[in-house]
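One structure below.
Labels run A, B, C and D following the written order; every chain starts at residue 1.
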Amino acid sequence: MTNDQTKEPILDIAHLAHLELLTPRFEESRKFFIDVLGMTQSGEKGDSVYLRAYDDYERYSLKLTAAKTSGLGHVAYRTRSPQALERRAAALKGSGFDIGWTDGDLGHGKTFVCKDPDEHRVELYYETEWYDPPADQRPALKNQAQKFPGRGCNVRRLDHWNGLAVDIKANREFYENYLCFRLTEQIVLNDGTEAAMWMTATNKSYDFAFSRDMTGTKGRLHHITYAMNSREEILIAADIFLENGVYIETGPHKHAIQQTFFLYVYEPGGNRIEVANAGARLILAPDWKPIRWSEEERKKGQAWGLKTIESFHTHGTPPVEHK
Amino acid sequence: MTNDQTKEPILDIAHLAHLELLTPRFEESRKFFIDVLGMTQSGEKGDSVYLRAYDDYERYSLKLTAAKTSGLGHVAYRTRSPQALERRAAALKGSGFDIGWTDGDLGHGKTFVCKDPDEHRVELYYETEWYDPPADQRPALKNQAQKFPGRGCNVRRLDHWNGLAVDIKANREFYENYLCFRLTEQIVLNDGTEAAMWMTATNKSYDFAFSRDMTGTKGRLHHITYAMNSREEILIAADIFLENGVYIETGPHKHAIQQTFFLYVYEPGGNRIEVANAGARLILAPDWKPIRWSEEERKKGQAWGLKTIESFHTHGTPPVEHK
Amino acid sequence: MTNDQTKEPILDIAHLAHLELLTPRFEESRKFFIDVLGMTQSGEKGDSVYLRAYDDYERYSLKLTAAKTSGLGHVAYRTRSPQALERRAAALKGSGFDIGWTDGDLGHGKTFVCKDPDEHRVELYYETEWYDPPADQRPALKNQAQKFPGRGCNVRRLDHWNGLAVDIKANREFYENYLCFRLTEQIVLNDGTEAAMWMTATNKSYDFAFSRDMTGTKGRLHHITYAMNSREEILIAADIFLENGVYIETGPHKHAIQQTFFLYVYEPGGNRIEVANAGARLILAPDWKPIRWSEEERKKGQAWGLKTIESFHTHGTPPVEHK
Amino acid sequence: MTNDQTKEPILDIAHLAHLELLTPRFEESRKFFIDVLGMTQSGEKGDSVYLRAYDDYERYSLKLTAAKTSGLGHVAYRTRSPQALERRAAALKGSGFDIGWTDGDLGHGKTFVCKDPDEHRVELYYETEWYDPPADQRPALKNQAQKFPGRGCNVRRLDHWNGLAVDIKANREFYENYLCFRLTEQIVLNDGTEAAMWMTATNKSYDFAFSRDMTGTKGRLHHITYAMNSREEILIAADIFLENGVYIETGPHKHAIQQTFFLYVYEPGGNRIEVANAGARLILAPDWKPIRWSEEERKKGQAWGLKTIESFHTHGTPPVEHK
């Protein structure tokens, strides 16, 4: 079941598929994603709307759900094949992390549900509905999922998400052992404690990350991220956020870790949203050796010297009292 | 051995590793790659120098070899594991495309050699030497292979190559069946003839492409491509080519097919070199349905209307008399 | 009255202020400027609407007028002072180019009207109405005229216009002698005929240009141009034009002459519209020596080798039969 | 002598021409400007070298002089005409700010020298030597002063400088009254004290700025600035600074005041250097109304929320003990 050196890598997860985000200010959040980020609504059901970036190939990448508070509803990964889905379900069965099968949701078929040690709900599925654009959303180029919106930030596709976790090591081992993600970078403190980690199932340098939750609360969200085509688009996004009264937390700047060019804002429901660009950086090595950052290196701040601001270490959703 | 729908995908090839380029003007070509493209020499042996872009993780991505004429010496792919290398060798053995094992070359270990139906020499290996930068090439960020050069075009990493082939369909079937690449886009003429194809083993939308060789000659090269971080860097590269008297064939512009932002030049030895940027576009779907472009669609030219210039259809290396 | 070497420069014209564009497809043209270019309507009168880019400081930079055919209604320049306006009027009086005073139009005060030798109508004024944004258009930064739109191409400000003229030399002398513009670049054919010219009253390298009208028709328009903040924004604009079915004539590419990064489209009324970026290039020298391009140099095409397409030499508005 | 509303503007200063920078680490500073910023040495005399950005039209824009400490040697402005030079000299004569005529320096002719109330040495001249590139520096396009270097940051041209002054108002009045610069933006504290100002003689929104020197020391320098063609080039510059061990003080980010996209570093001699891009922003209005920023507005930090770091308020050259 492990992904160790003597064995071949298991590649059962294809990619991060979608996230469910909870918001206590549903209508304002919806407007933010559509008018400011430039996303498109592609479905509606119960207390949720389903939203997509213009080049997400599946029907949606974000399920936005009205709730009492903010945070992550669940995260979904698409497997590489039907067989891969069965293999992951079999591996999880009886592990204590398994929840079980569901019939799926709008846009995707049967789903195996589990939770990570930090109690984030994780869903796995293979059968999916490809986005079929209505006439007014048909792209000029048929290798693109949808027309370029020309509205707000024009985010291209879901890129990654970042959770908070009380025990980073436990979560890392779960994702390595049961879902076979590969660790690409991590922060390890002087006393050996793992403080953050970045993992991938693709050639992107990460599909998700976890940072330590200093409040000791499980299941919280740090941020979700949409990819943009260039750093210049992110600078333009900064102006759009400014003009629309969106709270900019930090950036644009370049992370030392993973080198991502980033910009963080809070959507009206309080969840942290990132827009990012990775340049031409990809992880192509099948045997990439994880980069380990020390406490001292982390203190240097971001790549060009920006100090990491305090709220980046403390703000998560749903909000909790800091101990 | 096939990669068909009912079976699971075989993911034995990790990525395009390096190319060997032949040049009749060795010293001028070498200077072009170092001074103009911004690459670094990381080895030398016999009639060859070994060159690298600043974020190639392996020791080199280009072997430049003095020769009587231009063209492709060979192309090398790294497998995902030692076992994957053995599997591909076993699949090829006795196929008529196999050449056999070698001990490898500078920077990589044992290698299985074959040729595609169009007689391009293809090498497969797993064991590789990671680039170990000398003191003056150490990067500020340890997740990068080498210092950002700040010289010429500053290409980041090898991206893909494009061969010419007399029979595109035969080549496509070879790469699908024996190396298990996935077809992402293709051009099919009105009479059903396949005229071009783009294939991938990664999340990049292509690791190589083939276009029809109208001269009926086998084994020729259309171009090799290095990735840059942004479209703006490619515009700057255009100025650098202009100032250095490098022949610019076409671009910068955006391909309709694959949406790559491109710029094509000829290096002094006559080989066509591309610098390109893909924006945030990736192929994440494990079951991507190949995009098929028709003769009429191809005639529309590039994405924003640039007509494809004649030499793009005729110039290949080594040069041959057109029939 | 002349601007020659022994005398001091006369700096009576402050800048290009606005253009009146005629369109036979009024509503479609209006939508193009608002939805695709990202402009804002700031007035309406008779058969005209008044439009502005987000950082034009005056109320508008474009008067769009319904008409039987396309072309230029008039061009307006703002003078540097009330006295400067009187001086230009005095210089023009009795020259044969003068038409006389008017009370102005929406947004500006008393105006002296003349025509150039090629019969383009030119208006001069000083008194102007600064744009006062309504609440929903107030910018976050008070040194900007209006909120960044986040809609379509987001053009920043009017940059220049390009007329066609039968006799370039006659027009050049008019603008030098009566309006005291400075020539920055020109094309002179082997037989000494002036074929094109670029003139400025500011630190921009040109505020207008004229190219030869091969049809022998007077008073026609080649294009008008809005400035964008970066070349990347122009590449994004190309996608927006593509998605909205706007005819892209040529570009994006870099002009050899003036080095402008350009993209030309036709608005629904048939007028050619350019979006452009000059990088950090400015003409700071008060005694700039005009750059003279020869017939041979012009034949080389644009900066990076793009051949100038035929319609660029022939398409003007209003359309005429080519002789 | 004043530039008030009822009179016409006096436009005798054409532009900022060059700066003399003092450095206690001459050879390291010289290398920084050539290898990292991408400038070219175009002269040498006594303890100084003369340096230029690739599109400065004059022979140089920076005189770098070996000295015991850092700081500004002098600043030079080119007048619009010989007559304009005489007029400014006449206005200054007997003002108490005049120093007198010199024969000029390498690259420029007779010069009138004065000092501003804060004792920065200011030189005015008209006669200048246009840069004549040697064969290996000839540009491909003849409307550019020199070949694009393709080395380090590739700065295009000198943009502006920023002095420190004990009494901002006194300095503002000097520059308005004697040199006829126009004020475009300023910071005025709650008690009415002027804390900073930005002035221009061109269509750039500022050619120089002054911030209050909290140490009470006269004649000090805050920074000098070179213009780059795009924000993306500034992001690339940040990586080049990082790789070359150059101290990055703050940025890249966007100033709220003047909207400049900025990046500040210290050159080896201790002087603060900025690389900047203004997008398409220009001041075209001949009667621009100065933007006044309050103490509260300044406290908001930079445009996208970056807090202004402490050293930005305290670091100047030469260094002094803070009281």
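Just so we're on the same page, a contact is a pair of C-beta atoms (placed from the backbone, for glycine too) under 8 Å apart; a residue touches a chain by one contact, two chains touch by 3 or more.
Keep in mind the model is a prediction, meaning the values are calculated, not measured.
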### Task
Please give the intersection of the contact partners of subunit B with those of subunit D.
A, C
### Query
So, what's the distance in Å between the C-alpha centres of subunit C and subunit B?
44
#### Entry: Distance from subunit D to subunit C - Cα centre to Cα centre, in angstrom
31
### Message
What's the distance between the Cα centroids of subunit A and subunit C, rounded to whole Å?
### Response
46
### Query
At which residue positions does subunit D touch at least two other chains?
140-141, 230-232, 239, 242, 303
### Query
Chain adjacency by touch: line, ring, star, complete or other shape?
complete
### Summary
Touching subunit D in the complex, subunit B uses residues 36, 139-141, 147-148, 150-154, 230, 232-233, 236, 239-240, 242-245
### Query
Which of the residues in subunit C end up touching subunit D in this complex?
8-9, 11, 14-15, 55, 57, 78-81, 83-84, 140-144, 156-157, 159, 185, 202-205, 227-232, 256-259, 277-282, 284-286, 288, 291, 303
### Query
Tell me, which parts of subunit D touch subunit A in their complex?
230-232, 235, 238-239, 241-242, 248-254, 261, 263, 303-306
